[in-house]
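In the two complexes below, subunit A is the common chain; its partner is subunit B in one and subunit C in the other.
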Partner chain A sequence: MTPRLVFDVAAGLAILFACVMVVHRHPVKSVLALVVSFFALAVTYVLLAAPLIAAVQVIVYAGAILVLFLFVLMLLNVPEEVRQTPDRPIHQALSAGAIVAFAAALLASLRAYGATRAAPSAELPPGDLAPVARLLFSDHFLSFEALSILLLAALVGSFVLARREESP
Partner chain B sequence: MSASDVGMLALRVLAPVLVILIVLPMLQWVERRGAGLIQDRPGPNRVGPFGLLQPLADVVKFFMKEDLIPSHADRFLYVLAPGLATFAALTTFAVIPYGATLNIRGNPVPLVGADVSIGILYLFAVTSLSVYGIVLAGWSSNNKFSLIGGIRSSAQIISYELAMTTAAAGVILAAGSFRLTDVVAMQSGSWLSLPYRGWTVVPQLLGFVVFFVSAFAETNRLPFDLPEAEAELVAGYHTEYSAMKFAMFYMAEYINVVVASALMVTLYFGGWSFPGFHPTSLGGVVLSVLIFAVKTAFFVWIFMWVRWTLPRFRYDQLMRLGWKALLPLALLNLFWVAGLVLWNAL
Partner chain C sequence: MKVSASDWLLLSPELFLTAAGLLILSISAFFDKAKEEFLAFLTLLFVGVAIGLVAFLSGYGGRGAPIFAGMFIVDNFAIFFKLLMLVSIALTVLASIQFVGRAPYPAGDYYALLLFTGVGMLFMVSGNNLVSIYVALELMALSSYILAGYFKLEIKSTEAALKYFVLGAFSSGVLLYGLSLVYGIAGRMGLPDLAKLFESQAKSNLLLVGILLILAGLLFKIAAVPFHVWTPDVYEGSPTPVTAFFSVGPKLAAYAILARIFYVGFPKFHADWGLIIALVSAATMVFGNVAALLQTNVKRMLAYSSIAHAGYALMGVLGFRTEFGLWGILVYLLAYTFMNFGVFALVVFLETKGYAAESVADFNGLARRNMTAAVVMLVFLLSLAGIPPTAGFIGKYYLFTSAMKAGYAWLAVLAVLMSALSLFYYFRIAAAMFFSEAEGAPLKSSYALTAAVLICAAATVIVGVAPQPFVEMLRACVIKAP
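This part shows the complex of A and B:
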């Protein structure tokens, strides 16, 4: 098993399960497909010499956010979606055409990008946090702090919404 | 990579897993005899001397039982869930160093499955995935008790993971590395020097207490075993499971206890190191593995001791403890450690 083969398999799985996530009619299984997709994505990050991003991907997305999704879906017990009979052929044809066009544009731009850029060079020592942290707290300090304040605002907002009924 | 390298790697990775799997049935014996000891009753004492063959009889029983799949269950996920739980539990051990570096014909062989640069992050990534086994078991069983167990488990693990990770961040800060071999190396020096190079538990006692309490919640052990509280939820998420599928949840729980103990030893009690002990010969390396095993066994025993000593928490008490007590304490610990690092005391 060469790394290239592992990469291709992982990337293929990521795309396949992303499709499963969109197509599957059961919300719980959609979330699970997304977990597999994120996990496969983490594998590709490891092979791109970015184990730190891979670990963060699994911890934050697969381990925390999607567990919350699952938690809410289970709590609300969302039922399976009913298949609707297609009665709008023009709409369907149009959306199918749009999907194909978008995929073609994406593929073309990816090919152009791949031709200009070389493969990712391992300039950062793999998994070393220090360069990433230095970048975050120097060059991107303002955006980093702005993002934390944004998250804090969201947190406070959810508290206000949840507590609104108690205070007159 | 030559054949002997591959063989060595396989041995390094598989050895701890095999040891755990062999010791697992014994843990069950220790737990039941320990329960007997604490509750002033004999415990299992009929099969073999001191009931030592009881685990073997239990294993045979698990294999012989009928394997039921409820007709209203989601078949695929129902079968997948116990496998996921055991898989997540077993893969966590891969990055924990369990002995000093061995020298084979001049080649250093570190006794750790994979000495990766993101060791601690890997551990948290895999343990955060372990919740899926329990949640899916609860959901796919299509049973109200199982579902409530699964929901409780996901909420509990997310809440305590936060405190646990923040507590462990103190150790990472002190070591300046995610690599678990670095964490052990940091703790194998002198206790009297400045910067301090002894066991982390001394400067970070607060962090250890937070980590210790969170570990109980993460492994679903009493006093935090609400996902399977038998008084209200029958057996929680594994109510519908029987035979080997039930046994796999059982195994996952014990493996998680061993891993949590090994992790506490590695992060706070020096791993395989011991004050004044610097292994160089083969005998020294064997001794270092033994030291690690004894330390881990001690914490496994504490897990069992606590189970038969403390009553179960109420759910709101559990959430209050996690968010309002442990998380602020873990943050306090982090500031304290940051201060120590800043003044070159660590």
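This part shows the complex of A and C:
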């Protein structure tokens, strides 16, 4: 199998299972579909010479975050979604048409762009952890610190929203 | 990367606000009995110190150059926005004092989150790189989702938070996709670097798609049609002081980065995004004003009114080809911040008096029950409609002129027509206040809320009557043409 074929299969699977995730009515099965989608994405990252991102994708997203999702879903025992409003066929058809049109336009402009030039020179040598770390803690350290405040705000927020009020 | 002491000084307002937020959080965690008024006063004090720090930086010689490896820039433009944002946070604290205190929710977290939102906004306007701008935007957005849902036992507040979060996350995704396309093409993320690169490079459709997606993500934040659907529900459901804040604070930040990204980063593509902005601006003005006309719920009406105002402001964005457009939008935002906050602050006032401020009828006979409130409300309404001599007139004057200068005379004509239309729904409130029968005792406002409203009213009138010094000052805040 050529890398190109592997890439196409992996990318197709990623898109397919992302659609399954959106459409499926059972939350747990949606999460499982998302796991497959994430693994397929990780394969494409490997083929794009970004093994570090692929590893992060598997460990953090597929491993940690989705497992957390599953825990929450199972703890809350979320039932299968029951659609209350009737499906709106015109809205759905229009949205689907818009998505396909946008995807086609994007694909066309990507191909046109790819045909005119070589890939831009990568800032990082592929698959090396040290340069990423160096950039993260030098040039990007300000954003890094802002992210830590963001996580704190998220923590405070989840505490605020989940806490039981003693005197309602 | 070298960081000097002067760089840290330029970062001091953000650092100080972060520390202040952490302190408020710790106080409310360790002292259960800390009074809400005390926490509010402390927050106000910290915001005041931050205003002082920014004011100090406005005279500091080291400003203007990118620092922290080009991620951060403190120029006059950023300083103007930071001052206005900090003032809007201070006004929000004043408007919140009795409102949040009455509820069974801990006030410390509320003020801490407000300060974290402020840190995000301050970071945003100083962002000089796509990554730092995006991270700051997320910090602001995440904290504001929680503020929207702060009254979590009220179903409408929860609904507001959920809608704001889902749609906000989606728009962030769109924005991020656009940023990734631009980065994929350019291989760099600093705004001046991008402009320099594009100067010499032929444009591709892919780049235009990326720019379009970035534009869509930002138009969501300023609630322009067709990305406005979240606004009425969020404004109606959020705690009203938070609504007042949303209608000015995060919008200021969004306009600031819209200006930074498109004025500094993509000036070469003005012809490509100009027409889209013109169409969006026209649609936003028409839709916002017509929908406001059809509303009977005051909060929703004011939400649509602020959508309409986003349409006017986009005319300034259109003028980004010249410095005048940017100047115009600064003048307008100065006026908009005070008049729009003022209107919502008066809705807060009615709500603290037990009126839901759901319908226009709640304003009936306000003139007889609290003359000051009615007169001040009238000033804000006149200013929103753009009647001289109020600040709103000056702001609109600059925006309309900038649309004319950019060659979109039809848009300016449409804007004048729509401003005339807006008089109808603004005057519905005015008529209710002055000409309807009053019942019940006079209404007294709390000192804090009175202070907030009077500050807004004073600013609206002073900028309207004597605009010259402010307008000249703002001219110095325009980013120098790259």
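Heads up, the rule we're going with is that the second predicted complex is superposed on the first by the 134 of 168 C-alpha atoms of A that agree within 3 Å, B and C clash if a C-alpha of one lies under 4 Å from a C-alpha of the other, contacts with A are read in each partner's own complex, and residues count from 1 in each chain.
Everything below uses one rule, namely that a contact is a pair of C-beta atoms (placed from the backbone, for glycine too) under 8 Å apart; a residue touches a chain by one contact, two chains touch by 3 or more.
As the structure is a prediction and not an experimental result, all values here were calculated from the model.
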Next on the checklist: Quick check for you: in the superposed arrangement, does A:Ala153 touch first (subunit B), second (subunit C), both or neither?
Outcome noted: second
Checklist entry - Counting only touches as set out at the top, which of subunit B and subunit C does A:Asp139 meet: first, second, both, neither? => result second
Next on the checklist: If we overlay the two complexes on their shared chain A, which of subunit B and subunit C does A:Val6 touch? Say first, second, both or neither.
Outcome noted: neither
Checklist entry - In the superposed arrangement, which partner chain does A:Ala18 touch: subunit B (first), subunit C (second), both, or neither? => result neither
Next on the checklist: Per the contact definition in the header, classify A:Val36: touching subunit B only (first), subunit C only (second), both, or neither.
Outcome noted: neither
Checklist entry - Is subunit A touched at more residues by subunit B or by subunit C? => result C
Next on the checklist: Output check: A:Val58 vs subunit B and subunit C. Expected answer is one of first, second, both, neither. What do you get?
Outcome noted: first
Next on the checklist: Taking the superposition on A as described, I'd like to know which of subunit B and subunit C A:Ala49 touches: first, second, both or neither.
Outcome noted: neither
Checklist entry - Which residues form the common part of the subunit A surface touched by subunit B and by subunit C? => result none
Checklist outcome for this item: The residues of subunit A that touch subunit B in their complex are 28-29, 32, 35, 51-52, 54-56, 58-59, 62-64, 67-68, 70-71, 74-75, 126-129
Checklist entry - What residues of subunit B sit close enough to touch subunit A in their complex? => result 77, 116-118, 121-122, 124-126, 128-129, 131-132, 135-136, 138-139, 147, 150-151, 154-155, 157-158, 161, 178
Checklist entry - Tell me, which parts of subunit A touch subunit C in their complex? => result 105-106, 108-110, 112-113, 116, 120-123, 138-143, 146-147, 149-150, 152-154, 156-157, 159-161, 165, 167-168
Checklist outcome for this item: Listed in rising order, the residues of subunit C that touch subunit A in the complex are 1, 18, 25, 68-72, 104-106, 109, 112-113, 116, 119-120, 123, 131-132, 135-136, 138-139, 142-143, 145-146, 149-150, 152-153, 161, 184-187, 204-209
